[in-house]
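Labels run A, B, C and D following the written order; every chain starts at residue 1.
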């Protein structure tokens, strides 16, 4: 299984670079993971999204509905893609240390 | 994926001319974009699958169990004795080639081993070598191959490049169904611990939480409640969406993506609107919160293990019958397997629509009705008021999902529904719809991103037919009744034919449904302004 | 679900059909029958050997007809140098005068229906005083 | 390569017959022993194979539906493509077996610039397949004149019909021409289409060469100077069928070649792809009614599996369910 290293940080990730142990997540890791998504600088808007995902995840153990994410952060889906070019699931969730959703999605 | 993405023009450079050398000893190259990742050990272990381990197809050494060949042969013998389909299909193919260019993966890739006949030969050659007299005697000359690690790798590669869509079986003069062969091959691979993660992890999720996504009960409730709230904002109507309610008449089971992903979500809003308007006495279940069943793509045993919850939950909740949502492979399991694997459902009653009184004789044993059957019946009896002009901003076409079309024969019901709620409906060319429909290219548990290139290739025939109606009639919305379609067709169409969105038929029903006490609808369920409103706007602006 | 009944029925039907000749012949009682074409007014010899005639008489008759009808050629020179008139009625049937005992014997046995008698009048066998 | 090997195999068989029955004069072997042995292998082999298939059950109800299901009375369902009753299944099977319904659907795909996929109708395989199989059957029935006495009316009627055009003497049978053309087409198609050539095995070419050889030796005996003594042929056949085998006088080498090739064909039959003849009846995607929700199908080897019960589920999630005010079995 691959390891992701960035500066001081070294974590286990899966084939697509998602964290294997989401409980180890912290803001430094988020910054580091963001670089793999072509986001070198996490702005307040990025953080708003990431934090929302994080909170939801801690409560429900999974990412929220995309529709809910958009509504509750106030970002239309287009905006989410602007912030994280590979999208809410592959981009934002990865930075927030969430696992990939699986199934018919 | 993003790094070496090919343009549609590049990807469409396909040659159907096979290479000069024989197919019998070529080896597989695991190139990024064409294969799926190995199962995460935790998921495999949770499902008690054999030999869970860290493993990727690109590894030179697959860490197979010591006696893997013996395991495969034993597994083959067992399955040959259990499945007449397997035995007969191993024996009677005449290699006439009628199936060859019927497979979407062959059309999209030109890889000769994606011809259904040759895909089956990959397995058949080993069968011949070790299970038939001629093969034992003449070996390679009789088309037999000794099982080697390269052949196992080839099985993995090509049997996870088959979506079990059954299109080839429609054309086969003996009805040889590659889906059956792929199922057997996948079961054999599972026996030596070879699984893909996009199937194994949904299995584990589904077993634990009731759905492939792993949505826990409170998360399920949160999502449904969110939809209820949003629906109220859109229409001013607060619908009831009971969860785990005992004593309801009907249990409603939908694919989990309907309450998680877009554009599935709009279909969910459609269900909610319809059930409210007709006053259906129903309940959702957080336990039976998945109609889909990735077990179908893994093994008969796991399919049964996952499917069991539907009847168990209907018994616990004391409902009379079960209604099922828009999903493709889910309906293959419900229509062709559920009664056999987990029936008989004697705790339920023959389904009767409480609104029209129609008795669903065709579902009298399984006691589960497809929502397209249910809704078309409502429409036939004029039990709901509809304003199809609310969908006038959509020029729609309908994509028959493989399983409802070829394993169920559900062809006219969804069309009847669409004709009642959409004024602009155009069929794709005849060779690409109904029983000849083309797969989205991502079915059977391989609709993930690591094999995107193969998905785009496999989806080419479908996308190309969409392009035809897009160019000819200005079609801008593809309707379908499958959650995998809804998930995988948007990126596919975006790639091959930008300008077509994807939706479900009950989204259209939700749009067109005239509800008692509703606000004037300025937008459809997705928030897109309806044509009426748009035209109205232009008029006022002109003035 | 084995559908054993249907499979067994299928096998039995197949076996009955495929063994049709065995039981048909047993039932008809003619399994050992062999045609014995009889020549009632024998000349010394035929235009060709019997062995040749057995296999090729139809070709010969066909040629004769073409020669007579299309070319007006009416003489046949046999391998031994003897000449004959090309005529079914006057040459062949001199010896093979009894259609039912001679021609039909094999033709019926082999289910051959030659079209000789489409044009030629069938011989009035009784006029030969036989039987 | 596989083509050449298959061709060589057919040629070898012919040589075996020439040397065996001709040069060595082993007429008893080629005329009696081998036909008996191969016929026994044929009958035993077919029954054995079918029984072997039948011993594996059909655990699941898996018809491929090629048309509308029976649901609402006001939607016309496709009785022959999505049959609901046993009678309708029989209809579907009859269409499939007698007229190759599924193959009739065949299309071919073309990738044009654009990319643009175009689907064209492709009926040649269907036509050649149908032509071959029907001709083969008719020829087989016509051959009954060698095997039964008296010759039944239908054999004579079939001969008349088959010789309808009355060309040549002996009359050329339509099926004799059709089967040759069909076989040559099927062979040509396999060699010409690179896809087919790629996956064709020796087992695909060999039967074609064998059938062609049988046909050609048959033609030689009927239409050319190598005419057979039919009475002798029938005498041999009748002797075999009445278990009083004799070798009559008058059988030529060409006949023994023909007979030997046929013997090889029937012996080869049960152990080869030619078993599709029986298999087509037993294909579960075609011979089942699409009524699985109306009538329960039983899996004879069904076994209990480990399931996840609601109780286990609630035990795991009770706290969060309680917090979300969801109904519980146990508080």
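Assume a contact is a pair of C-beta atoms (placed from the backbone, for glycine too) under 8 Å apart; a residue touches a chain by one contact, two chains touch by 3 or more.
Bear in mind the structure is a predicted one, so any value in this text is a computation, not a measurement.
Novice: Centre to centre, using CA atoms, which chain is the farthest one from chain D?
Specialist: Of all the other chains, the one whose centre lies farthest from chain D is A.
Novice: Taking the mean of the C-alpha atoms as each chain's centre, how many Å separate chain A from chain B?
Specialist: 27
Novice: Between chain B and chain D, what is the gap in Å from one C-alpha centre to the other?
Specialist: Whole-Å distance between the two chain centres: 34.
Novice: Distance between chain A and chain D based on Cα centroids, please, to the nearest Å.
Specialist: From the centre of chain A to the centre of chain D is 58 Å.
Novice: Starting from the mean Cα coordinates of chain B and chain C, work out the distance between those two points in Å.
Specialist: 68
Novice: Among all residues of chain A, which ones touch two or more of the remaining chains?
Specialist: none
Novice: In chain B, which residues are in touch with two or more of the other chains?
Specialist: Counting only residues that touch two or more other chains, chain B contributes 216, 218, 222.
Novice: Spell out, as numbers or ranges, the residues of chain D touching 2 or more other chains.
Specialist: Those would be 54-55, 57-59, 282, 297-299.
Novice: With chains as vertices joined when they touch, what's the shape: line, ring, star, complete or other?
Specialist: Graph shape here is a line: each chain touches the next, no loop.
Novice: Please list each pair of chains that are touching.
Specialist: A-B, B-D, C-D
Novice: Along chain D, where are the residues that touch chain B in the complex?
Specialist: Contacts found on chain D: 5, 49, 52-72, 74-75, 77-78, 81-82, 96, 100, 102-103, 105-109, 111, 114-117, 119, 125, 129, 193-196, 198-204, 271-273, 275-276, 279-280, 282-286, 290-299, 301-302, 305-310, 313, 316-317, 320-321, 323-324, 326-327, 329.
Novice: Would you tell me which residues of chain D are touching chain C in their complex?
Specialist: Chain D reaches chain C through residues 43, 46-47, 50-51, 54-55, 57-59, 144-145, 147-152, 155-156, 159-160, 166, 169-170, 227-231, 234-235, 237-238, 241-242, 244, 250, 278, 281-282, 297-300.
Novice: Can you list the residues on chain B that touch chain A in the complex?
Specialist: 2, 37, 40, 54, 56, 197-198, 201-202, 205, 211-216, 218-219, 222-223, 226, 230, 255-257, 259-262, 264-265, 290, 292, 294, 327, 447-450, 482-484, 486-487
Novice: Can you name the residues of chain C that touch chain D in the complex?
Specialist: Listed in rising order, the residues are 1-4, 7, 10-11, 14-15, 18-22, 24-26, 28, 30-35, 51, 54-56, 58-59, 62, 106, 108-111, 113, 115.
Novice: If you look only at chain A, which of its residues touch chain B in the complex?
Specialist: 1, 14-16, 59-62, 64-68, 71, 77, 86, 90, 101-105
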